[in-house]
Structure formats: structure tokens, C-alpha cells
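One chain, subunit A, links the two complexes that follow: it is found with subunit B in the first and with subunit C in the second.
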Partner chain A sequence: MILLRLITWPYVRKHLLRSVLTTAGIVLGVALLVGMQTANRSVLRAFNDTVERIAGKAQLQVSAGDAGFSEEVLERVQSLREIRAAAPVIEAEADPGFPGQGKLLILAVDMTGDRSLREYDFDNADENVIDDPLIFLAQPDSIILTREFAGRNHIAIGGKVAFATMLGRKQFTVRGILKAGGMAQAFGGNLGIMDIYAAQSVFGRGRHFDRIDIGLQEGVSLKQGEAALSAMLGPGFTVEPPSGRGRQFESLLGVYTLAMTASSMFALFIGMFIIYNSFAIAVTQRRGEIGILRALGATRGQIRTLFLGESAVAGLIGSATGAALGLIFARTLTGVSATMLESMFGVAQNVQDISANPGFLLFAMAMGTGTSIVAALVPARNAARIEPIQALQKGRYQVLGAGENRLRRNIALLAAALAVACLPLSAWRPAFFAGILLTLLACLLLTPFLSLELSRLLRRPMKWLRPVEGALAADSLIQAPRRTSATVAALMLSLALVVGQGGVARTSLQSIDEWMNNTLNPDMFVSTTENIASHGARFPTSMQQELESVPGIAEIQPERLPRLQFHGYPVLLLSTELAKLGRRVKRHMISGDEETMNRLASQEKGLILSENLAALVKLRLGDNVELATPTGMLRLPVVGTIRDLSNQMGTIIIERSLYIRYFQDDTVDVFRVYLRPGASQEEVRSRIVERMGRQRHLFVMLNREIRAYVAKVMNQWFGLTYVQVIVSMLVAILGIVNTLTVSISDRRRELGVLRAVGGLRNQIRGTVWMEAGAIGLIGLALGIATGAVTLYYELQAIQHDISGMPFAYEFPWGIVALLVPVILFAACGAAILPAESAVRGSLVEALEYE
Partner chain B sequence: MNRAVSVCLALACPLLAQDARQIVEEAQRRGKVNSQRYEGVLEVTAADGKVTRKSWQTTRLGAYGNSKMVIRFLAPAEVKGVALLVVNHPERSSDQWMWTPAIGRDRRIALQDRSTRFFGTDFSFEDLEERDVDQYDYRLTGEEAMDGAPCWRIEARPRQGKSSQYTLTRIWIRKDNYVGAQYENLIKDQPVRRLVQKDIQNIQGIWTARTQEMTDLRRKGRTVLRMEKLEYNLPLKEDDFTIMALRREQ
Partner chain C sequence: MISLTGVTKVYNGKRQVAALESVDLEIARGEMVSIVGPSGSGKSTLLNLIGGLDRPSSGTIRIDGQSVADLSDDDLTRLRRDKIGFIFQFFNLLPSLSCLENVALPLHLKGLGRQEIDKRARQLLELVQLGSRLDHLPDELSGGERQRVAIARALAFYPPVLLADEPTGNLDTHTGGEILALIRDLHQRLGATVLIVTHDAGVAESCARTVTLRDARIAGDVRR
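Presenting the complex of A and B:
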């Protein structure tokens, strides 16, 4: 502590800017990690909170995925002696259209019996919740709102709230106000209660419920209850505590969470290089100080502890600042995440507060501090190894020792060779991930050598460009490789991340484009919502005939798209009239013959799997699949695997008649509409809206509008990763500023001499800018090369470990072309302040500097 | 001496218990009719003094514990046509369905939901069921005058197999006409509801309480049902007591 106070603090004060820049890398890395995790956690917490509040005293919930199940299941459940209460539920979202108020979560229940599970009223007679329960049940336009929502929107009992329903836009009469607290706080207070049977017609549920909430008899354990219900209902139903829904939602978020976490950790990793660079430079600059300390009796251990202590303190300060900043970021990120999740998965969120996890904050701070300490390990070790006599001698020590260089190169080449050797063994996942690490290790170890060689290569063109400034800049890089290589490494890694993400985005968008051309080829789509991922309301099957009678329409294909759990993955079950679909759509076949596949599947003799799902669950053509349905197990062979990008975790496609029979659900999510030749899309749309828009709530979207929507969702998805990329690049740019600052400091005498012999300020500035530009160029070259390699690994990881989606390797030339001017511009921008500091200040002082 | 008294009391207990059951049986026998119809006016007074009124028509076919009943709301306009079908069984709890004309749907009221208040009144769904004498065990606990009329005071406990929210019911049966003057329902020794039957008249030879006043002792609410146009032993058809019949408009 004394050493920190007497030795470290004066150094920090003297080089305050550099110290700040050193910690900035940790600050940004931790801020990103905390921000992303907190945003994710907040969204998940909001979801779980809503689930728990709505569940009330329900101990178990019975569901059958998105498909729901027939009403008659309720009586069967109620007949079990283990069951004390069984309350049917429908949940749906409605948009009341109040600006800035978000959506309303409608909880539809049977009020005659729901109170055995949920608290609606209170003993205090002043708090009677429902004005008249009989009128509430007798009138299908009855709704209960929370006091919070009603208050915000100035609605009293007897007031009206309108929203779109399957029967058109309807007004609902508020017949009760739910007191604040408990269930009323679900969905951020945006909760409405309706009668379940009224909700069935309003939301197009037919005679289905979404789930049944269960209260068990006294003395019956959860396990016993689950066992009794599962035995009676069969495998097509999910019986789980309410918290199980949170886990399902979490699995839906899985890919997204993984991507965010990986990118956040990467940013922290890049920040580590900034720390390493700063400490490596500090050790060099403080050699004299170290020599004196050693001469006075300080041990190697004490020297090492001093530098590690400095890094720990810097890391702690940086982490604490980063954590605080991250919580501020989280507020914005939460809203963005929630919107993106609703677009992609159709699950609306109303996140009111961010949910910070103190444990995770401590973890993030520990990560930041730990990263800082790890980054300083090598410089601290080097500092400890300095001999006092050596340290007190003047001279340059920036040159990489030949032996050291050779050792690094050899280890790098060995790592590269091992990485190549791992490639054929990639099917064994540990070998694959070892290959990634070895590749990165090889790139990092080669960075000092390659930086030096590229600096030498750049000397001639730089000198050609500006004879004096260029030569000076290049020489500065060549003579101080230690100063440069860590910064280059940081820039290399961040650019590799950009290239990798850009490559994934490019290939994803291309694949999606190809899939849309082949599969999303109807002229228009008739849907219940603008967000095609959200399926709260559904159309009745009878609507197909109505649509077919609209002039200009050649064919209608109904689609039902519930999500369900299959081998632990949240997959999409797509049911449609496959014979019709087969005539209109050209599939990208992966296995099987297209004609045979369409024929067998349309005859209910098989099912079709998406390529990514088949890879994830390791199913092949001809394998038998068991699908749990509310009416029993559906067993079918795989008659084809196709490229289908409808759902991240995969799609199962079956004939609609089979779905209706097994799931007892004939409702429709989307109608695919094909027009007659010559029919005008706009005119047909108008006819549909005119004929059916008044009695039904529907959206008619043209093909180009659907494509635009999909593109928007994809941009939202990649948009969040671009945020992380920008942060990573900021970290790298900070490194350049740091390096240049140190460079200016080291070369103060040299620059002073230049000015003394007549060098102009602009020429001094020029040399600094050229040095920055050269660092940027070297970083670009290495980053693009590394990115080209890591892109391969990223695509492999996506295919084999995340979603099963196989994407072709497409190098993102467009992004690279954009990166070059951006990085060079950023590098020159990073040089502005250091360049100014190089030309300011006293010339005499500069000449005296040593 | 003490032993003799004890023996006599022990011997007398079965006799006393038998009397309690006999009293209830007699009350049930005297009130037994083949069918019943009335129009009722229901007045609900909440704890805050707010009063709501509804009217309904009730028809019943059958007798205690083995009967079917349809309650059809007549007013106000918002609830007109809502109907409830109650099918009582002597050996088990009743089956109940509700028909809502505005949405064209019937719904079954689950067994576990019987404790719920009946549409905002102080009656619960279980209170609408008829009790059969064989569903309970009885004990005569004494005599007490209610509203000036001497009554037997009897305790009735649901037998095993009889699903009930109440653990005990105290019944005051008038000695003069065997009409239940008051029923007090308890849950775990705590009185929760009290039904007082008033305005007792002889209609077609059956002594009938034309006013029933149910008080929810926890919520401090009160519901009064006044029966008008009361008729017994009408020629009613079984087909009128089905779910299909509920769906038919009056």
C-alpha cells in the first residue's frame, strides 16, 4: 500500500490521461457486459414476473404449446382427485392505441371459478373489484383493468377501451378496476381481465383454451400432481410449475443471449490488450525507478506485487465505473431488446424497470479486475526480472530480443499447425473449440513479428508519400514494436469481430433472401397482426372460403404456425395444404426427392424437417419421428429435409388435415394468397379489406411488405451486435490514442530537436498522423486476415452448436471496403490530441527531456 | 348414581341423534313437492350500502337431493336470459351449468368452484344445491326460539363423500311447521354465512318461507330473495332441464 501511495500515485498523476485511457478499455468492456446482461435479465425478469403474478396460487400449469387444446380437457383434469382447482386461461395481447402506453395483456378466465387460484377481490367492501359480476359474465364486452392502467389513461368504471379483435375493432366496457399490487402489477400494470368464453370468439380461439392453471389438494405434492396429470393427459401436454414458462422463454432467447454474452466477453478481452500495452510501456518507462527500488532492497516479489497491485486498482476503478455505466446503458438496451424479441418471437414485453443482479455486478467487476490483473501479469513479471544495474543504465529497450521473437514465432507456428490439425477432427467439438483458441493464440503471438515486418514494408511507401514525416513515423514504429504490437492486437481482434459478424450477417441475409424467393412467393399474406411472428389471435377456417370468393384470387393456402418443444428445442410446427404448396413453391432440398416428399407428406404419410432442426436433433431421411399431440403420439417418418429459415431453431412441416385431427385445432394464423395472372395486388387487397375488414381484424400484406418486414427484423437482430462491434472498435481506438500518447512522450526530445532545426508544427503533426494511419493500416491488414479465418469458425459454431443453420462462407467485401476508410479516419482522429500535445509546450523543456 | 346417569345418557344419545335426523327428515317430507316454480326478486346490499336488484324465474323438477333446477334471469336487461341449470344428486354433489346468451355459450361450473359467490350475491353456488338428509350427520343440540317461534336447534355435519365448503351447519327448525327458520354455516368453527327464512306462508298445503335473507358474516353483505308467483307440483317436462333447454329463449 505504501508503495502504491509513494510510487504509483505520483506516476498516475503525472500521466493522468494515459491512466484514464488505460482503464477506459476495462470500463467499456465491463459496461457492455453489464449493459447486455442486465437488459436480457430485465426482459426475462419482466416475463417471469408477469407469469408469476398471473399464476397466483396455481401450482401447476397444463399446456400444449402454442396450439392450445380442446375445452373437454378441462373436465378430464377436474375429475382427478389430486386436483383441488382447475382454471382455464387464454392469454393474448391487444393494442388499445393509447400513445406511449404499450400493449395490454389480456388474461381471459372463467370468473365463476378462477378466484380459487387468483386474488381479485378483498375483504374490505370498499375495494369491491367488479361492479356486478353477473353483468361482467353476461356481457361479452366486459373487461377489468388495473387501477394503474385505468388511472394513466383516465378510464373509470363504465368507461370504454377499444382494440382490434378477430371481429373487427371493438369497444369494451370497464366493469371493474383491479386494486394495485399482486396480479395487477403483471405486465407492468398493463393487464386486462376478460371472460374466457368471450375471449374465445374475440381472439379466434374456437373452443380451445391456452392452458389450465391447477391447484392441488392438500397433501398432494407437485410431483404427484404432475405424475397424475401427465398419466391422464399423455405426452402431448406439458405439465409444469408456472416457472417452467420462464424456462421456455429463456430457451427461446438462448441463441440471442449466447450471441450477446460472447460479444460482450470479446470486448473485455480486447480491453485486456489495452491494459497489457499500457503496463508494458510503463515498465519500460519506469525502468530507472524499478532499478532504484531494487537497489534499495525491494525484492522481485515486491516489484511484481506493485505492478499487479496497480493493475488491480486500475481494474477495480475501471470495473466499478463500467458497471455503473452499464446500468445506464441497460435502460436503453432493454427497450431495444424487448422490441427485437417481440418482432422475432412474437412475445410482447412491457419492461418497466431494469433488473440489476448484484451478484452479476460483482461478477462483472471481478471479471474486469481479473482481466486487468491477467493483462498485467507479463509486464509485472518482466518488471520483476529487471536487474538493478541494467535498469539504471540508459538506453533503448523497446527492441524485441531476437530470441524472444523467435520463441514467439515458433510457438505461433506450432499453434497454427495444431489448429490446422484440429480441422479434420471438428466433428468432435472439443477439438473444434481447441482449434479456435489455437488460431487466436497463433494470431496474437504472431502480431509483434507481423507488426514489425509490416512496419518495415510500409516505410518505403510512407517515405514516398511524405519523405520526412513518413520516414519518422515508420521509424517510430520499427524502433518501438512493444509499444505498437499490443494496440495492433487489440485493433486486429476488434476488426476480426467486425469481419466475422459482417460475414455472418451477409451470408444470413443472402440465405434468407434465397429462401424468401423460393418459399415466401405468394402475392400477399393475410394475417391477424402486422408482426407475423406474433400469433395471439387466429382466423377461423371458414375464412378460407370467403377469401377464395374474392375476385382476382387464384388460390389460398392456410397456414397454422404454433411453437412447441421438440427434443428440448422450441421449434415451429408448420401445417398447411402441402399438395397446393408443392405446386407453387420450389424447395431447396437437402435430402430426399422433392416430388416424393410432397406426395407422401400431403398424403399424411410423412413429415418434413428443416435442415437445421435435422442437424440439431440428428435425424435423417427415413428416420421415425414421434410428435406428442393433445390426442396422442403422432408417429411419422422423415420424408424430406429442406432448407427452411422460418424459425431459428427449426421447423417441422406436416399436412394440415393431420394437424387438425391430432391437435383438434382448425384455426389459421396466416393465409398465403396467390393472384390470378393480371390481377392487381392493390385492388385485390382493397377488396379483401372492404369485404372482411369490418367484421374481422386482419392485415393484408403484399409480398414486398413482408420482405421489408423480415429485413427490418434481421436488421434489429444484427443491430444489437453492431452496437457491440462499435464498442469493441472504440476500445481499439483508445489503444491507438494510448500508444500515440506514449510515443509522443517517449519522443519528446526527438520532436524537440526537429522543431529546433526548423521543423514546422504541421510536419510534426503529420508524423504523428502518419504513425496513427500506419497502425490503423497494420491493424486492418491483420484484422481482415484474422477475420477471414474466424468467420469460418463462427459459421461452423452456428451450424453445429447453436441453431443448426448452415450458412455458406461469404467474405464480407462490402463491409471490409467500408472498414478501410472508417478505420483510417478513426486512427487519424485518434491522433488529433496526441499530435497537438506534440507541438505544444516549451521547446527548451523538450530539448532537456530525458 | 353418577354411573347410572352416564349410562342413561349414553343410551339416550342414539335416541337423541335419531330425533335430530327424524326432525330433518320430517321437515324434508313436509316440504317435498314434485315441482316448483316462482319468480324471485333478488336484492343485494353490499357492505358499503350499495344495493343492486335482479329478478329471476326458478323452476324445479324433483325433490330434495334428487332434482333439477333452472334459474333464468329476467332483469336487468344486461343479464336477461342468463340461465343456470343445477342437477342435484342424492349421493354426490350437484352438477351446474351456466348459459350466457350474449356469447351463445354454456359453461360448466366446476365442483371446486362451488364455494364461489353466486354472481355477486351472498349465496355461494353450493348454497343453491338442495341438501338431502342422507348427506349429513345430525345432532340435536337444544331448543331455541327464533323470531318468537320455538325451534329445534340441530347441528349437521357433511358425511364423507359429500363435498362441501362448510364443516358444520346449524339449523333451527320450527316446531310448529317444520320449516327451517335459520341456517348458520360454519367453516372450521367460524360462522361464515347465515340464512334466515321469513314470511312463512302455506302455499298449496306446503309451508314455505317466501323471503330468504342470506348474510355473509365475513364480508358484511346481505342478499334478500323474495319469492313471488310461487307454484308447486306443476306439469314440467324433463326436457326443460337440459343444457339444450338453457339455450332456448323464453
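Presenting the complex of A and C:
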């Protein structure tokens, strides 16, 4: 500790900017990790909190996915002796239209039996309602709000709240206000309670419930209750504790969480290079100091501990700052994540507070500090190895030893060869991931050698451009490879990330575009929500005839799109009139014959799988599939696999009549509308809205509007990953500033001579800018090359390990073309402060006069 | 040619240190002047101020009639580039550039044409008898040869003023004598005004005039 105070603190104070820059890499990496994880946790926790509060005393919940089930299931459940209470529930979202207040989560219950499972603690209520719930039942426009929501919107007992329903915009009368606390805090306080039978017509449920909440008899365990219910209901129903819904939501989030975590860890990894660079340079610059310490009796262990201690302190300070920043980021990220999740998966979130996990904060800080210590291990070891007599000699020690260079190169080539050898073994996943690591290792180990060679290659054109400034800038890089290579490595990795993400985005968008051209080809869509992923309300099947009677419409295709769990994956079950669909849509076939597939599926003799789902669950043409439904097991062979991008985890497509029969559900989520030739889209839309808009709540979206919506959702998805890419870029730019700051210090005398013999300030600045530009160019070259390789691995991982989607390898030329000026501009920007510091200060001191 | 009036230089650190106090000095065109004095007397400070490497805290310095106080940093740099040649004790050659490139440095900085630069740089190296070492790096030269290259660089624009700060301080006696002879020869041929800071009495006596500094002031001014 005494050495930290006597030796380290003066050095840090003298090089304050550099010390700050050193920790900045850790700060950003930890901030990203904490921010992303906290945002995810907050969203998940908000969801779980809502589930738990609404569940009340319910010990189990019976559901059948998004499809729901008919009312008669309730009687069967109630007949079991293990069951004390069984309360049916419908949950849906409604938009009351209060600016900035978000949506209402409507919990529709049967008030006669619900109070045995849920506590209704009224602040204020119509006394008749409290005493006799049948009165609530008899007044189908009744609604109960929470004190928080009512207070925010100045609604009292007897007041009105209106929102769009399947029967048009309806007003509801507030007959009760719940006290704060308990259930009233679900969904951030935006909770409304209404009668379940009124909700059935308002939300288009027909005679269906979404789930049944169960209270068990005394002495009946959860396991016993589950077993009894499952045995009676069959495989088409899910019986689980309320917490099970949280796990399902978590699996929905799975891909998103994985992407966020990977990017955060990557930023931290890049930050590690900044630390390594700083400490490697510090060891070089402080050789004399180390020599004196060693000459005076400091052991190698003490020197090593000194540098590791410095890195630990830097890491701790950086991590603590990063954690605090991350919590600030989390607030913004939470809102963005919630919006994106609603767009993609139709799950609305009302996240009021961020949910920081102290344990995770400590973990993130430990990660940051650990990263810093690991990064400093090699420089600390090198410092400990310095012989006093060598350290006390003047002269530079920047040149990479020839032996060291050769060893590094040989290991890199070996790693590259092993990576290539792993390629044909990629089907065995450990070999595939080993290949990725070996590739990255090879790239990192080759960075110093390649940086040096590229610097040498750049000398001639730089000298041609500016004979003095260019030559000196190139020489600065050539003579100080240690200083440059870690920064180049950090830039290389972050650019590889950009190229990789860019490639994934480009190929995804191309695939989606192709899919939309083939499949999303109706002239318009009629849906219950603007967000077609969210289906709180549904249309009655009778609406199909109404639509067909609208002039200008040639054909209507109804679609029902519930989500369900299939082999552990949250998949989309798409049911439609497949004969009609087959005549209008040209599928991208993966296996099977399209004509045969459409015929068999429309005749209820088979089902169709999306390509990615088939890959994930390893099903092929002809394999038999079992689908658990509320009325029993549905067994069908796979009659075709197609490219379908409706759902990230995959889609199962069956004939609508089959769905109606097995799921006892004839409601519709979306109507696909094809117009007669010559019919005007705008006119037909107006007719639909005119005819049905008053009695029903519907949205009519033209094809181009749907495409724009899909593009928006995709941009949101990739937008979040690009945020992480920008942060990674910032980390890399910090590295350039760090390197240049040290470069200016190392070249002080050289720059002094330049000024002494007549170099103007702008010429001095020019040499610094050119050095920065050269680092940027070298980083670009290596980053683009590395990205081209890692893009292949990313696409393979997406296909085989994440979503099963096979995307073609498409190099993102557009992104690369944009990166070149951006990086060069950023590099020159990074050079501004160091360039100014190079022209300031005493010329005499720079020349080191005695 | 060079005129100093009441020039003072004070360094403000933890304590104030007066490196030069109220110095008045006139140096005529074509004079060869040695500046001597004990360590810390202000010799190098005086040279730095005349050479435009530093600015006085007070007083006036005129080079060829122009007051340096009125000049911006860029103008002072141009003055230093075009009218003053500086020869340093430790040569201050750029190690990554060849002899030819080191000599060409000021010419490039002025932006002359490449052909002209090449021609002049070669001429200058011939002048200091290093025409055969054009492509050699400083590391490959002896101390004397490095100082010759530094002299050639200082002569890039055939400046009217040549400032040499202990030009032989890092050389052995024999080599130092050669360098001094070279400087004297260039003074005679080019007619430049030469100021040499030196500890060496022999070097001092070989100049027509010796200015002695002691405790930041001029203590003596001898003409021979």
C-alpha cells in the first residue's frame, strides 16, 4: 500500500487524463452490462410482479396457450375433489386514450367466486357492489380501477372511462376504486377489473376463458393438484403455478437477452485491451523508476504486486462508476426494451421502476475489477522481470523482440490452422465454438505483426502525401508497436462486431423482404390492433361474411395466430384456409412439393413447419408431430417445410377447420384481404371502416403500411444492438486517444525539434492527425477482415443454436463503405486533444536542454 | 543585426527563478561571438531567446530590425525557420529519417518543390563533406558526422544568424575541433552572424568577441 501511495499516486496525478482514459474502458463495459441486465430484469420483474399480484392466492393456473378454452372446462375443473376454488379469468389490454398514461390491463373475473382467491381492498366503492357482486354482474358496463390510475386521471366513483372494444368504443362506469397495495399495484397500477362475461363480448372471446386460477383443498400439495388436473384435462392444457408464466416470458426474451449479454461482455473484453495497452505503456515509461526500486531492494513480487494493485484500484473505480452509470442507462433502456418486446411479441409492459439486483451489481463490479487485473497480468509480469541495470539505461524499449514476435506468430498460425480444422467438424457444437475462439485468438495474436507490416506499407503513401508529417507519423507507429497494437486490437474487435451485426442485419432484412414479397401479399389486413403482434381482442368468425360483402373485395382469408409451447420453444400456431392461401401465395419450399403440401394440409392430412422450427426440433418431411390441444392430442405428419419468418422461434401451419375443431376456437386475429382488380385500396378501406368501424374496434392496414411496420420492428431490434456497437466503438476510440496521448509524450523531443527547425503548429498537428488516421486505417483493414470471418460464425450460431433461421452469407458492403469515413473521422476527432497538447507547452523543455 | 534591450527571463515554478536579468546586447552582422559563463548563468536561455525558442518576460529582442515580441507564434516559427539556424549540443536529429531527409526537413516544412528540396539538401551535405552518407540513418554515423548533418540542416535557408549551443560539448577534442573549424569556415564563406555558447575556453578565444554571463547578467564583453 505504501508503494501505491508513494509511487503510483504521483504518476497517476501527473498523467491524470491517461489514468481517466484507462478506466473509461472498464466504465463503459460495466455500464453496458449493468444497464442491459438491469433493463431486462426490470422488464421481467414487472411482468412477474403483475402475474403474482394478479394471481393473489391462486396456487395453480390452467391455460391452453393463447388459444384459450371453452367455458365447459371450468365445470370439469370444479368437479375435482382436490379443488377448493376455481376462478375463470380473461386478461386483455385496453387503451383508454389518456395521454402518457399507457394501456390498461383488464382483469376480467367472475365476481361471485373470485374473492376466494383475490383480495379486493376498496378505497371507495358503490356499497351495493361490495355487498352483492351479482349487482356488478348485472351492470356489464361496470369497471373497478386502482386508486393510482383513478387519481392520476381524476376519475371518481361513478365516473366514466372509455376504450375501444370489439363492439366499438364503449364507456364504462367506475363502481369501485381499489386501495394501493397488493393487486392494485399490478401492471404499474394500470389495472382495471370487469366482469368476465361482459369481457367475453367486449374482447371477442366468444364462450372462451383465457385461464382458470385454482385454489387447492387443504392438505392437497401442488404436485397432487397438478397431477389431478393434468390427468383430467389432457396434454392440451398447461397446469402450472403462476410463476410458470414468468418462465415462459423469459424464454420469449431468450434470444434478446443472449444478444444483449454477448454484446455487453464483448464491450468489457474490448475495455480489457485498453487497460492492457495503458499498463504495457506505463511499464515501458516507468522502466527507470522500476530500475531504481529494484536497485534499492524491491523484490520482483513487490513490483508485480504494485502494478496489479494499480490495476485493481483502477478496475474498482472504473467498475463502481460504470455500475452507477449503468443504473442511469437502465431507465432509458427499460423503456426501449419494453416497447420493442411489445412490438415483437405482443406482450405489453408497464415498467415503472428499474429493478436493480445488488448481487448482480457486485458481480458486474467484480467482473470489471477482474478484467482490469487480468489485463494487467502480462505487463505486471514484464515489469517484475526488468533487470535494474537495464532499466537504468537510457533508450527506448518499444521494439518487439524478434523472438517474441516469432513465437506469437507461430502460435497464431497454429490457432488459425486448428480453427480451419474445426470447420468440417462444426456439426459437433464444441468443435464449432472452439473454432470461433481459435479464430479470435489467431486474429489477436497476429495483430502486432500485421499492425507493424501495415504501418510499414503505409509509410510510403503517407510520406508521399506529406513528406515530413506523414513520414514521422508512420515512423512513430513502426517504432512503437507495443503502443499501437493493443489499440488496433480493440478497434479490430469492435469493427468486427459492427461488420458481423451488419452482415446479420443485411441478410435478415433481405430474407424478410423476400418473405414479405411472397407471403405478405394481400392488399390489406384487418386487425384488432395496430400492433399486429398483440392480440388482446379477437374478431368473431361471422365478420368474415360481413367483409366479403364489401364491394371491391375479392377474397378474405381469416388467420388465427396463438402462441404455444412446442418442444420447449415458444412457437406460433398459424391456422388459416390453406386452399385459398395456396392459390395466392408462392412459398419458398425447403422440403416437399408445394402443390402436394397445400393439398394435404388443406385436407387436414398434415401440417407445415417453418424451416427454422424444423431445424431447432430436428423434424423432417414425413415425421409425425403431436400437438397438445384442449380437446386431445392432434397427430399429423409434416407435409412440407417452408421458409417462414412470422416468428423468431418458428411457426406451425394447420388448416383452420382443424384448429377450430381441436381448440374449440373460431375467433380470428387477422383477416387477409385481396381486392378485385381495379379496386381502390383507399376506397375499400373507407367502406370497411364506415360499415363496421362503429360497431367494432378494428384497424385496416394497407400492405405498404404493414411492410413499414415490419421494417420499424426490425429496425428497433437491430437498433438496440447498434447501441451496443456504438458503445464498443467509443471504447475503441478511447484506445486511440490513449495511444496518441502516450505517443505525444514519447515524441515530445521529436516534435520539439520539428518546431525548432520551423514546423508550424498546424504541421505538428498534422503529424498527430496522420498517426491517428493510420491507426484508424489499420484497425479498419484488420477489423473488416476479421468481421468477414466472424460473420460466418455468427450466421452459423443463429442457425444452429439460436433460432434455426438459415441466413445466406451476405457481406455488408454498405456498412463497410460507411465505416471507413466514420472511423477516419472518429480517429481524427480522437486526435484533437492530443494534437493540441503536442503544440502547447515549452519548446525548450521539449528539446530537453540541460 | 541582433539587439537585446533590458531583456529579462523569469521562470515561475515553485519559486521564481530569474534566468536572465536586464540584459542589453548588440551583435553586428557577420560577427562571430562566443557566450561563456558558469553553469546556470543564463547562456542557453540567452540563446533560446535570440533563437525564438522562448519569449522574454520583459525587454525587447530585435532580429534584423524586427521585434520578436510583435510576432505571432507562427510568424516567430517562420523567422526561426528562414533566418536562424540552430545547432544543438545533442544534435537533435530525427532517428527514423536519413541524413538527406533530416537536412531536407526545414525545406519540406516551407513547402518547396521536391526537386528543389532534393537538390539543395544534397548541396548542403556536400558542403559539410557528407555527400556519401545521404541515405544513412543517424544511428549509423559517428558523433562528428551527426553534428555535421545538424549543421547542414541549420543552413537549409542559408540563414543570416547561426546559433550553436555547445556544438562540441558531446564530441571528443579532435572531432570538436573539426566541427569548430567547419563552423568558422561557414562563417567566413557565408558571412552569417554566429553565436556560440561554450564551456570551452579554446572555443571562446577563437571567436572575435566573447560575452561573459554571470548570475543572469552580462559580466564581461571582450573584443579581440
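As a working rule, the second predicted complex is superposed on the first by the 833 of 850 C-alpha atoms of A that agree within 3 Å, B and C clash if a C-alpha of one lies under 4 Å from a C-alpha of the other, contacts with A are read in each partner's own complex, and residues count from 1 in each chain.
The working rule: contacts are C-beta pairs under 8 Å (C-beta built on N, C-alpha and C of every residue); 3 or more make two chains touch, one makes a residue touch a chain.
Being a predicted model, the structure only gives us computed values, none of them experimental.
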After superposition on the shared chain, which partner residues are touched by A:198: those of subunit B (first), subunit C (second), both, or neither?
-> first
In the superposed arrangement, which partner chain does A:631 touch: subunit B (first), subunit C (second), both, or neither?
-> neither
Pick one for A:86: touches subunit B only (first), subunit C only (second), both, or neither.
-> first
Looking at the overlay, what does A:753 touch: subunit B (first), subunit C (second), both, or neither?
-> second
Have a look at where A:716 lands relative to subunit B and subunit C in the superposition and call it first, second, both or neither.
-> neither
State whether A:115 touches subunit B only (first), subunit C only (second), both chains, or neither.
-> first
For subunit A, which residues belong to both interfaces, subunit B and subunit C?
-> none
Given the complex, residues on subunit B that touch subunit A span 46-48, 52, 54, 73, 76, 78-79, 81-82, 98, 100-103, 105, 107-113, 115-117, 119-120, 125, 218-221
Within the complex, which stretch of subunit C touches subunit A?
-> 44, 48, 51, 53-54, 73-74, 77-78, 80-82, 86, 88-90, 92-94, 96-97, 101, 104-106, 108-110, 114, 153, 156, 165
Given the complex, residues on subunit A that touch subunit B span 74-75, 78, 83-86, 110, 112-113, 115-116, 123, 125-126, 128, 130, 132-135, 137-140, 195, 197-198, 200-201, 215
Enumerate the contact residues on subunit A facing subunit C in the complex.
-> 467-468, 471-472, 475, 478-479, 749-750, 752-761, 763, 842-844, 847-850
